Amino acid sequence: MKKSDVIMNSSSKEKQKGFLNYIEDTLPKIVVSPTFVVMIVFIYGFILWTAWISLTDSGIMPKYDLVGFVQYITLFTKEPRWWVAIQNLFIFGSLFVALCIILGLILAILLDQRIRAEGFLRTIYLYPMALSFIVTGAVWRWILNPDLGLERLVQQMGFTNFTFRWLVDPNMAIYTIVIAAVWQSTGFVLALFLAGLRGIDDSIIKAAQVDGASLPRIYWKIIIPSLRPVFLSSVIILSHIAIKSFDLVMVLTRGGPGYATDVPATFMYSFAFNRGRLAFGAASAMVMFMAVMAIIIPYLYSELRSTRNER
Amino acid sequence: MASLTITNVRKFFGSQEVLKGVSLSVKSGEFVVLVGPSGCGKSTLLNIIAGLETLDEGEIRIGNRVVNDVKPKDRDIAMVFQSYALYPNMNVRKNLAFGLENRGVPKDKIEETILRVAKMLQIDELLDRKPSQLSGGQRQRVAMGRALARDPEIFLFDEPLSNLDAKFRVEMRTEIKMLHQRIKTTVVYVTHDQIEAMTMADRIAVMKDGVIQQFDTPQQLYDNPANLFVAGFIGSPAMNFIPCRMVKDGKKIGVIFKTERKKSFFLPVRGNATAYEKWHDKEVILGIRPEQIAAGFHNQEKNPNMHQIETMVSVIEPTGPDTLVFVNINDTKITCRVNPDAARKPGEPMKLMIDMSKALFFDPETERRIDY
Amino acid sequence: MKDSKYLSAKTRVSRVSLGRILIYSALIMAAIYFLIPFFIMVITSIKTMNDIRTGHLIAWPREVTLEAWIKAWSTAAIGATGKGMRTYFWNSVQMVIPSVVISTIIGAINGYVFSKWRFKGSETFFSFLLLGCFIPFQVIILPMSQTLGLLGMAQSIQGLILVHIIYGIPFTTLFFRNFYVTIPDELIKAAKIDGAGFFRILWKIILPLSIPTFVVAIIWQTTQIWNDFLFGVCFSGGESQPVTVALNNLVNTSTGVKEYNVDMAAAIIAGLPTLLVYIVSGKYFLKGLTAGALKG
């Protein structure tokens, strides 16, 4: 849609006005161009850099000669620690998502029942979200302390044979991370579900009541199914949090004992920063990136498409 | 005040042609209404006149100036929107002043203009209120005040009354009309409501599918529609369209009406039969308005074009001043507007007088008037 | 959007029915579950180590002392220094304020353009920016650390500020754009006809309407940036570390005797600012949470 160039007058005032008009029209583009540059360089450019490095054999310093997929092959075939990390991610991820959703949903349903002091309770359930994962991790590290924490408490309550040494147990340590993460994030899911419940059309419920359905049945057959978009959003966002989880693991277990609670994020940090294997770390970062994109892109695409259709 | 000349404007949204070569000429001081169903392009045309949308082909001229590439603020126009679009964070006074401030009008002149306009629209008591504290009608007046304060060459209205409730709408209609009579500005007014169009306009442009179907005075559109669409769009209740066959009865040419109980009536066309010669034995559509069908006997000599038919009543709808009687002619549901006393009950036979001098004939294929 | 009512038919008869009792008990137990860690954190921080070693998690302190607090704030050995959380706390403050302010302002202007001044390709641009909200930061950490080195900003607060601004922009843009989309376009049209241009519309009309959104964005950004750890641990070092990194170092020291009360005091120091923001801002915090989540 080019403007017609039929501006007969060549007086400088006309030209000046034309120039000002041109500036005005492109002003929006000018204003967002810094962000454009930032995005191209610091997001997509950097992703490409990491991808490139992952195809080299960079050690402490980056090297730019490509050597193919060596790092990836090593990652998946010769590095058992990576598989531990992935396995942990799955265990942690699925438990984290499942427990948050179940607890969040139940609490939301309970809170929705016209409770007095609802706002107050909601403030309590949600406050962990305001804390850094480091703070959460620090607290739970203390609570689950093998000698002086939960174990001691329960013992002093009378159950002298109680042990709780999960934090230092290679097999159980991953579950401590689940406990802390669920404590922190349940409130978030609760908030989402509560908003979703509030958005349900009353008249559908009333119609069901007139039709003779009992309350549990109404919940099971009507309310929960209509919360499907909230389920979806929650799963997506929680999975996203799970894949990125670095802070919590670092403070709670440091990936230990040994590397029993390693997750891809801590794996990457360890190899890239502590062990001076840039390319290897880059490869693990790229794998994380691709995993996240595989979930996010279809989700965003369908969301954007549905809102575009609504318009 | 200035005239507005629109020449051959075309507009595409992607691959869809929304305006297909629209031309319109508005005289200085004239009140022109663009009316049509949603999607016909009227709002797009208005936005193009305002400069809020660009056109792909054609020319817009305000007075003698070609304004195709001129920005909205330089076109010397003002616009009143459907949602009024008052600036929510400013009070009425600041809303009215905004446009003048942007143009560097001196403060005392702005004050003077605001007071004058506010008085004219009876919103001088509301100057310190914010839009959220005003009723719908008050907001509408402020929106108009904002436009008036700028004293532009052309006023544009984009369905300004659609958000008001029915009773208020009628009041505001009259107010806008009176305002126009007082100030004699050039107005282009968009609406989907044909009653609004008919009551307010000097001339109406009926639009459909990006094309102006007819541009004429309200009375002309009513009496002399150019095609089926215009005929059916203007007037409420809508014109009846009866498919029938043109036949000859001796020297006369006319149409056959078949009603209930297999009764058949021959209705001759008015005036010279030769004009319709070439339609002999062809299907046509006869258009006649509900108010052009009467009940009761009528002296044939007085109006030789009144012809009586007999039919059976399906449903009646009393409206107070008249009663709408629904009957069946040629398997088509027909509405007749008759005097309440003359209306029969559903299921009863009824005699109706068709005023053939008012009947219009349309080609079923092209949908154009045969005798336009 | 008032509360739900499904229970009303049954329980209107007896307000204190078994159902209600169960519901309230469950909710109260949940509340205790959420509050206990905080309680433990506070209580542990005011005990002596002796007390901690002999008592248990929720035992009331035998003697209340603020020793641990003083130590946590000014003398605890974190990293190489024995200067307590104080320095790092101020590092975080210095880091958060410019990052939040700049990323929010840029986000507001971007959101304004993407919603009201769309141009060819702007929707695509926006979609790619949106994607940037979701990338795992591991994938930009390495190049960023190289870049900061090149710019001479490695291991500095300025470097952190730069990073937080850059990676905060996608979110703040999304946030403001979603809000501005709800402002009717006709308002902008009227302003254009009234002679206002890009900046005048922004200044006189859009910004006055955006105050609540600014509040939410600022609260969200403050929380996110203060609580960040990954950028902190990768891009800062020594004296320039933010409070989260300091806390982690403290809690995970392998040298010396573990002083859990100091750990807890330090944790509270690190967590208190965002907690206070949360308590004070209540519903705005909630809006920030759900805004990002619910609308794509």
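The chains carry the letters A, B and C, assigned in the order they are written, with residues numbered from 1 in each.
Operating definition for what follows: a contact is a pair of C-beta atoms (placed from the backbone, for glycine too) under 8 Å apart; a residue touches a chain by one contact, two chains touch by 3 or more.
All figures in this text were calculated on a predicted structure; none of them were measured in a lab.
Across every pairing of chains, the maximum count of C-beta contacts belongs to A-C.
Set against the Cα centre of chain A, the chain with the most distant centre is B. Centre-to-centre separation of chain B and chain C, using mean CA positions: 57 Å. Note on chain placement: the centre of chain A and the centre of chain C lie 14 Å apart, centres being C-alpha means. Among all residues of chain B, those that touch two or more other chains are 71. Residues of chain B touching chain C in their complex: 47, 50, 52, 71-73, 77-79, 81-83, 85-90, 98-99, 102-103, 146, 150. On the side of chain C, the complex with chain A involves touching residues 1, 3-10, 23-24, 26-27, 30-31, 33-35, 37-38, 40-41, 44, 52-53, 56-59, 106, 109-110, 113-114, 117, 119, 122, 125, 127-132, 134-144, 146, 166-167, 169-170, 173, 197-199, 223, 226-230, 233-234, 244, 247-248, 251-252, 260, 263-264, 266-267, 270-271, 274-275, 277-279, 282, 285-286, 289-290, 293-296. Note for the complex: chain A touches chain C at residues 24, 27-29, 31-32, 34-36, 38-39, 42-47, 49-50, 53, 62, 106-107, 110-115, 118-119, 121, 123-143, 145, 148-150, 152-153, 155-156, 183, 187-188, 191-192, 195, 197-199, 202, 205, 209, 215, 218, 233, 237, 240, 243-244, 246-247, 250-251, 254, 264-265, 268-269, 272-273, 278, 281-282, 284-286, 288-289, 292-293, 296-297, 299-300, 303-304, 307.
Against chain B, in their complex, chain C makes its touches with residues 184, 186-187, 189-196, 200, 204-205, 208-209.
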